[in-house]
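Below, chain A partners chain B and then partners chain C, in two separate complexes.
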Partner chain A sequence: MKRRTLLKGLAAGAGLSLGMKATYLRAQSGPLKIGVSYALSGVGAPVGTQFMKGTEIAAMQVNRDGGLLGRQIELVVRDDKYNSAESVAVARELAGAGINLLIGGSQTVTALGLAPLAPELNAVVIIAGAAGMPVTHELFNRNIFRTVANNYTQYSSFGRSLIETHPEVKTWISIAPDGDFGRDSALFFGNAVKKYAPGKDATVLDTIFTQGTATDFRTQINALMSSKAEGLYVGIAGAAQISFFQQARGVGLYDKFKVIGEVGNGEVTGKAMGRNTYPNLWSISYWNNDLEPFKSNPLSQQLYKDYVESTGNKFPPALVMAGQRSAMALFEGVRKAKSSETDAVIAAMEDLTFQTPGGPCSFRKEDHQLIATSYYSQMGPSDKDPFYKIMQMAQIDSSQMMEPAAPGVKFDIKDLPQ
Partner chain B sequence: MINQSVFVLFNGLASGMAFFLVAAGLTWVFGILKILNLAHGAFFMLGAYIAYTIGGASPGSLWAFIGVALLAAIAIGMMGLVTDKFVLGRLRNVDYHYVLIATFGLMLFCEGVAKAIWGSDYYSVMPPPEVDTAVKIGSSYISLYTILVIAIGLAAFAVLELIMNRMWAGKIMRAVANDPWMAGTIGINVPMVLMLSVVASFALAGFAGGILVPNQTLSVHVGSSFILYAFLAVVIGGLGSIRGTFIACILLGLVESANATFLPEYGGIAVYILLAVFLVARPQGLFPPQGAL
Partner chain C sequence: MTDASWTRSGEAPSLTDQYLLSAFGAVLVVLLFFAPELVNPGLLFIIGMTLIQSVFALSWNLLFGYTGLASFGHAGFYAIGAYFTGASLRYGFPLPFVVTLLVAGILGALVAYVIGIVALKRLTGIFLAVLTVALTEALGKIIGFTPALGEQDGLGNIPRPVINLGITSLDLTHSNAYYRFLLIACLLVIGGLWWVIHSRLGRTFRAIREDADRARFIGIDVARYRVISFMISGATAALAGALSAPWTRIVTLDQVNWLASTQPMLNSLLGGFTSFWGPVVGSVVFTSINYWTRNYPGLSEMLVGGVLVVIILVAPTGVLGILGKLRTRLTRGGRA
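Right, the complex of A and B next:
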């Protein structure tokens, strides 16, 4: 080898080494980049944008207090468009940009694309809002953490909560979309009603099924009106649920039922229906700053203050808390790990307990399922802006209502002790 | 069974008339201009938003409700005037592919405008107090609002039939639709007739938006729930035929209602079977266009 060639090779090697070191140093000293992938457009946007706001506030709160590991947090936000393929593309793009900490999956449809990808990308993925059972069952991998209750816990707890607050309602019925989620949520709800009814004397009638995207519910409403039920679970979500209430109200369904529980639209329905909100409407909720236990929680007060300051809106949607909690889970994991490296953050989060506006939360080590209190709000009409109000919150300790951890195994309710 | 049949009949008629209110403008403009306006549902949506903005969530009375729907019709009709000047009028003599692309773009534009003005939130509008209740027939609960929709749908059909078959304006439009060149040679102002046809079609979409908004969640997607059936009705009825579209809408409504009542586990499938049967047995539709309308 000629001396000149050898010198060139050494110089190139040194340059490459210095360059890499400089890049590494820049990455360690610059902002800590966190990928965020929610449904910010399309039919999932009303949910995704609320998660986004909560996540933004979490990052702002941490940055205000000095950041994480001495670095400011920078959210790199992408729109998954409520589309599974898009969520996969977004995750790959973020991983390609060197981001290994990702918050996403504001709905199950996008989480199902995101979850299996996490090990390949060597990323920590927070599944923020997807309640579908596969996430912590057959799709489970150690890189994902779910920061909401799953469907079984959520709707079993909901059924229990409603029968405990309305023991006088003896006959129940559900209307739900004819799909996996609709069938499951109605089944879990109904089973819990029967199980926790005083004296176990509640009757649950056959569920009335419809299409999840249907716009005309008159046939189903007629069947509900003709039933003997006094309590109703509405498993239809989104815009379809509001159409259901519009059409139901006009034929007297509000007078027939003593209580209605709905799948989780919450304030979306309240805001749309306003003065015409059903007067005893119970909803899966996450947060209401004016009511206990949130009222006396300083973290809740701070979240409310930050939300109002950043939006000018005095009526924050409950999902904002879910978005903030999801981000805080990841931030606290990084803080505890004293590192942003994937393996260190995973190890730290598996034993993590962190405080939220809704009380303390932790993860079940076996399947990375969040253990937290489940909240249910009672909503009704109001004469004051925004023309609906949350009257009270009920709560159930989700640890009492969780199925045994079975990572990698498909969930089947028949496997549970009846 | 009798109770269920009565319910199917009422429900089917109500759905059919709702479809017709949307489809009437669509088939009107196709009959005269031979334009398949993919943005028709978007203007229906804008009509619904305008009615909500003017009338609020709870209309004060039946007449206020209808008045607001008419105002929405006027507003959307004016939009039709602008659209004709800047978009449709420039597409008179081009290949229909360009028309489809242009109206599709127009639909996206309208949705973007609606989102910018009203946001992504959902809204709801209640029926006027006079019809905000139900009557019980047998074991079936029939909303008075659905009876109102049936009545308005029948009235709209009667007015359109009257205009097209009994009035000079309709005869002029039919003449232009049949042979615009010949119509021009006998002194008819063809561009003016075409422009007025677009305005009328858009106004019908706006009126439908104002009348039907109490039945649906108001969002930028509100048009999609009706427009699919409107297109199916136009195809089954015969492109450009108001009479055919009217009958097709009733057929679609009844079939869908019977499907939901008697075969709920196969929701929505009967409508597509009906369409398939018509496409095979009578692809030209019930009243095929012989010069249209």
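Right, the complex of A and C next:
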């Protein structure tokens, strides 16, 4: 090799290494970039935008207190459009920009695209809102952490909560969309009702199935009216649920059932039905600042204050807390790790307990499933704006209702002890 | 390049234009090949999806732009390929990957043949559109109730293949390696479609599109050639789906509905359905709008909608149609 060529090579190498070092130093001293990928447009937007608000508030709260590792947090936000391929594109783009800390998956469909990518991208991925079982089962990898209860825990806890608050209701029935989620949620709910009924004397009738996007429920309502059930689980979500309640109210279904639990529409149904809200409607919830245990939790009060200040809206949706909790899980993991490096954050989060507006949370080490309290709200009509109100919150410790950890193994309810 | 939009306007590109376009194409292929070294992994993924969408749109346009048939449920064929390949890789079917792709294409062609026999031989026009929509909806329902295909959750965690070449193997598990395979596969499919369209078969399709009665009068078996066109289109759409499964590593029901079927139509209309390259240009335009507006949720849909309205009102032949008109004007202006 010629001397000049060698010198040129050495100079280029030195320049490159200095340049890379400068980039590295800039990355270590600038804001700490966190990638966020939620459904901000399309049919998933009503959920994704609420998660986004909660995540923004979490970043604002940490920045206000001096940041993380001495650096301000900068959220790099992308819209996954409620589409799995888009969530893959977003995650790859964020990772390509050098971001290794990601929060996303406000719904199962996007989380299923995101989760398997995490090891390839060498990223820590917080699955914020996806309750689908595969995330912590066959799709599990050590880079992902789920900050929401899975379907089994959620709907088993719901069934248990309702039978414990209404032991006088002996016969139950479900109406659910004829898909895997609808079938599973009704099954988990019904099994829990039977298991936790005092004296185990509750009867769960066969589920009535319908289309998830149906608008006419007259046939199903007739079947419900002619059943002997007094307790009902409604697994239909979104606008279809509102249509169901509007049609059900007209034919006296409100008088027939003593209690109704619904899949998680919550305030959406309350706002739509207003004064016509079913008077003993129970819903999966995350947060209600006016009721205990949130009322006496300073973190909850602060979240409410920050939400009202940033939006002007005095009625925050409960999902805001889920978005804030997801971000806080990651921020506290980084704080505990004293590093933003992927392996250090994973190790810290596996052994992390952090405080949230809904109480302390931690992760099950084996499958990175969140261990937290599950909340259920009782809703009814009101004479005052917004013409529905939440009367009380019931709670179940999710650690009592989780399936045994089985990372990498497909979930099958038949494998669980009945 | 003998582009349909130019040949229709009566002006074939000059030899210089052809050289320039060929040079542009060659440079583009080289740039695409070295894209893993030039762009970040996010953009690389988007480029890969654009290649797949281009093939998908070309498959639709073979029917609409060249044979005068409209399929409103083309996502069904895409889904056949995507789910078959996804399941094959996920469950380890004992098939070499290239054979898996071929089988996916054959499946697409077979389903197209069955629909074609019903809709194109015995019925005409709207029935094909309705039957393809029905196919997509039925497929969606079947997949939604099939645990092995992931039901509503989709088929996730699809592994990328390793192609065994006897003495050595081609490991496509890394994104960059699969991207290059994808690029070559898409170029081969596009090349195949180019050959079909510019062959005697393609001229027969165009004759049927122009006037089916006259084509029949001069001895063309219209129904037979329509079925053949539909089979090639179905096979190509299934191949696009098959190539997508290992790229996205997940296949979901999002890809099996009427909305997904509008994507190739949108791309073809955007780029120009009268030109061979129109669907490719449309896919690039659509992806670019999406990419540049990614920081503004909802804006991309508004922009795409706005561009479509403008194109339909001002230039029904799409972006390439506008470029063709501009070129004609400039040339005439230069001559004057």
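As a convention for this text, the second predicted complex is superposed on the first by the 413 of 418 C-alpha atoms of A that agree within 3 Å, B and C clash if a C-alpha of one lies under 4 Å from a C-alpha of the other, contacts with A are read in each partner's own complex, and residues count from 1 in each chain.
What we mean here is this: a residue touches a chain if its C-beta (ideal position, glycine included) is under 8 Å from a C-beta of that chain, and two chains touch if they have at least 3 such contacts.
Source: prediction; values computed, not measured.
Q: Should A:Val90 be classified as contacting the first partner (chain B), the second (chain C), both, or neither?
A: second
Q: Contact-wise, after the overlay, does A:Thr210 reach chain B, chain C, both or neither (first, second, both, neither)?
A: Touch partner of A:Thr210: chain B, not chain C.
Q: Just chain B (first), just chain C (second), both, or neither: which does A:Pro134 touch?
A: second
Q: In the overlaid three-chain picture, which partner chain does A:Gly113 touch, first (chain B) or second (chain C), both, or neither?
A: Only chain C is touched by A:Gly113; chain B is not.
Q: Could you tell me if A:Asp79 is touching chain B, chain C, both of them or neither one (first, second, both, neither)?
A: Once the two structures are laid over each other on A, A:Asp79 reaches chain C alone.
Q: Touch test for A:Gly190: chain B only (first), chain C only (second), both, or neither?
A: neither
Q: Just chain B (first), just chain C (second), both, or neither: which does A:Asn276 touch?
A: Only chain B; A:Asn276 stays clear of chain C.
Q: Which residues would you name on chain A as touching chain B in one complex and chain C in the other?
A: 45
Q: Please output the residues of chain A touching chain C within their complex, sorted ascending.
A: 40-41, 45, 77-79, 83-85, 88-97, 108-109, 112-113, 115-117, 120-121, 132, 134, 138-139, 179-181
Q: Hey, which residues of chain A end up touching chain B in the complex?
A: It comes out as residues 43, 45-46, 49, 178, 208-211, 214-216, 218-222, 225-226, 239-240, 242-243, 245-247, 249-252, 268, 271-276.
Q: Which stretch or stretches of chain B touch chain A in the complex?
A: Touching chain A: residues 7, 11, 14-15, 57-58, 120-124, 126-127, 132-134, 139-146, 214-219, 221, 225-226, 256-257, 260-261, 264-265, 267-268 of chain B.
Q: Which residues of chain C touch chain A in their complex?
A: 39-46, 49, 144, 147, 151-154, 156-157, 175, 244, 248-250, 252, 254, 294-295, 297-298, 301
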